[in-house]
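Two complexes come next, and they have one chain in common, subunit A, joined by subunit B in the first and subunit C in the second.
After this line comes the complex of A and B, so read on.
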């Protein structure tokens, strides 16, 4: 495997008495598209919150490109882009204004140019001057991707990126993720329920079950390992059965 | 980063109608204060002129014009009441809006995965809200100057200095309520509860604390008979020493001194009356900075 970009070692998180992440060890290499799978409440979003510096783990360590997410927060935030689930931005501001503001907070020197270029790159320059409050879910998601990459991060975190999108929106998002990985060499970490998307986009997968990482391997190796299963969905169910 | 947050928040405040309505209200009440001042001036001068004519007809000397005895800025005496009532409510709303919009949209997840720190974010929000109030008060100041010139015809440099002092004092008083609005938004999860809590704090500061710290015995104010000595006497003897804690009373005293509408106090005494407001403002700022470090910004958007 290539040099690890994301590394978790014995990662734990506890909400009061509830242990939601249990000693998770995970390593994701440069340029990979990693699909993080798991049932609702498995701890996927908690793990992503820790990796994006929003939450401090109660045990273990997490690093991005060798920088600790707790002690080297400034370096980590320079390297990551994040698209949360149910992204909302300032409705009273236009798409370009939102992007420019967020680019400035990422320390981009010419934030206006970065916002314009990003919108053009994603093919949504027509949305630049429209207020975000008037956008549909699909449009919001495209602007959400734009804000996540406006500062050209090294690692892109996507939390349930396809939720609420219509089939065209899902396809468009899939193509965008592949394009970002191919053109800009971004490593992508994606929380998702959409197994169909994972099989089309991801290079490696990890399965989280009640806070425990029960499976982690490349898509090819996974398919080889479970030759009798017809789809990733079947494999997911099988992995869950094996774990329990 | 602080400047970026402040500029963006200022843009939002400009585009939010609530803040605009607050601004217009403040300008309107300043104009009303001016009109009321002008109206009373006009009425008294008319009565005085009539009295002068009657006295002259009776061959008696005319009494002195009562308005010559009043300071020019007394025209704005109503502002000393409007600022703690309407201005403080506007400040609460501005502080509240500065925080709750980001929280209800789950914006923290986009903001704090970037280079900005929570301290910079909080200071940017405070800067934007207090700058908005400063601009509002500059507008009120302009309306006040127009009203003063309309009635008195002239405005001396001394009066201009006092007027500036009055609005600087008002700004520092209102900044306390901006911080109350921000803090309650950080302490409560629901935006409606945050606003209600902020209004609750405003009610306590404006109406309850002055009652407790005035040293007035409620039974005596209703009953002209001397209250028999009892345990309540001790309570009111103690609470009257707590008057500096009532920042609204301190504000009114300082504002009255600056405008010249209350018996003149030495400058040092006026400055001392401002100290509790400054301490309250500083204390609230420290609380805001402390609370924001612990606030859960990992939470997603809410539909409230």
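After this line comes the complex of A and C, so read on.
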């Protein structure tokens, strides 16, 4: 595997008495598109919140490009882009203003140009001057991705990026992720339930079950390992059965 | 400009723009400026008549060859009393509302994770929002002062001199500290409350206590307020005589002063009234004496603003960008 960009060692998180992440060890290499799978409440969002520095783990360590997400927060936030599950932006501002503001906070020298170029790159330059508050779910998702990549991060975190999107939106998002990975060399970490999307986009997968990482391998190796299963959905069920 | 300063300035600019887009805030600001303008207009009209009378007396005295002419008893800056009182009451509500809007906007729209997933620290966020609020207050106070000065000059026929401008500027600085403290109070209460609106209610409760209840208790207990025009003036005592009398009531005065010291509004009022000649007993003195006399008040104002800003910084630094409990 290539040099690890994301590394989790014995990662734990506890909400009061509820242990939602249990000693998770995970290593994701440069340029990979990683699909993080698991049932609702498995701990995927908690793991992503820790990796994006929004939450401090109660145990273990997590690093991005060698920087610790707790002690080197500033360096980590320069390296990552984040699209939350529920895309929220400043509704009273236009798409370009939202992007420009966030780019400035990330230290982008010419934030206005970066915002314009990002919108053009994602094919949504027509939305630049419109107020975000009036956008549909699909539009918000595209602007959400734009804000996540406006500072050209090294690693992109997407939390349930296809939720609420229509089939065209899902397809568009898939193409965008592949494009970002191919053109800009971004490593992508994606929480998702959409197994068919994972098989079309991801290079590696991990399965989280009640806070425990029960499976982690490349898509190719997974298909080889479970040759009798018809789809990734069958494999997912099988992995869950094996774990229990 | 360092990267950190740049981020602080961006947040400040963002805060300022968001605030001026708030309809509720604009309405409150308009009420304050209109109320101030009206108050100064009424005072200045009456002042113009009194000034004309004094000028007539002075001209007559000079015509008769008198060498000792009584100085004017009028104090043009004292006409701004209403402006300071409105700042003290309505201004504090505006400041609390601004603090509430600043925090609740991020909480309700859930945009805090967007900010905190950037290289922005809690201290930078607190400093940026505070600076943005300061910019709004500066605009508000400057607008109020300009309305007042122009009304005094055009309606009262008495343009203030550079020394008075300096004193007015100092009073405006005190107003800035006063409003900043209430801004921080509103923001802290909103950030700490489970529901943002509850924070607003708590902050307004504290406002009621600090701005209306405590000063009223302090005023009621003040010996000098027991007679119209002032007890000590009625007794023919000057400031030193007043102090000599009050040394016989130190315990009582300490309790009364303690109640007043607890009120941020009282410190602002004392300082602003001293600088703007509202209190007649301060009028004969120059700026150095006035500053020495009111040093505790400006000190308390500064201390309140600094402590509340540190509280805001601590609150925003510890604020969870995402609700605890998590989705998964």
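As a convention for this text, the second predicted complex is superposed on the first by the 244 of 244 C-alpha atoms of A that agree within 3 Å, B and C clash if a C-alpha of one lies under 4 Å from a C-alpha of the other, contacts with A are read in each partner's own complex, and residues count from 1 in each chain.
Basically, a contact is a pair of C-beta atoms (placed from the backbone, for glycine too) under 8 Å apart; a residue touches a chain by one contact, two chains touch by 3 or more.
Worth saying up front: this structure is predicted, and the values here are computed from it rather than measured.
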Exercise. So, on subunit A, is it clash or fit between subunit B and subunit C?
Worked result: clash
For this session: Determine, under the contact definition given at the top, whether A:89 touches first (subunit B), second (subunit C), both, or neither.
Result: both
Exercise. Who does A:123 touch here: subunit B (first), subunit C (second), both, or neither?
Worked result: neither
Exercise. Between subunit B (first) and subunit C (second), which does A:20 come into contact with in this model arrangement: first, second, both, or neither?
Worked result: second
For this session: Quick one: classify A:77 as touching subunit B (first), subunit C (second), both or neither.
Result: both
For this session: Mind working out whether A:185 is in touch with subunit B, subunit C, both or neither, as first, second, both or neither?
Result: neither
Exercise. Just subunit B (first), just subunit C (second), both, or neither: which does A:59 touch?
Worked result: neither
Exercise. Touch check for A:41: first (subunit B), second (subunit C), both, or neither?
Worked result: second
For this session: Superposing the two structures on chain A, identify the stretch of subunit B from 42-50, 222-230 or 240-248 that clashes with subunit C.
Result: 240-248
Exercise. Which subunit A residues lie in the overlap of the subunit B contact set and the subunit C contact set?
Worked result: 49, 52-55, 74, 77-78, 80, 82, 84-86, 88-92, 101-102, 104-107, 147
Problem set entry | subunit A partner contacts - residues on subunit C that touch it in the complex | 3, 6-7, 10-11, 14, 18, 21, 109-111, 113-121, 320-322, 324-328
Exercise. Can you list the residues on subunit A that touch subunit B in the complex?
Worked result: 49, 52-55, 74, 77-78, 80, 82, 84-93, 97, 101-102, 104-107, 147, 151
For this session: Spell out the part of subunit A that touches subunit C in their complex, as residue ranges.
Result: 15, 20, 38, 40-46, 49, 52-55, 73-74, 77-78, 80, 82, 84-86, 88-92, 101-102, 104-107, 147
Problem set entry | Residues on subunit B engaged by subunit A in the complex (per definition of touch) | 1, 4-5, 8, 11-12, 15-16, 101, 105-116, 297-298, 300-301
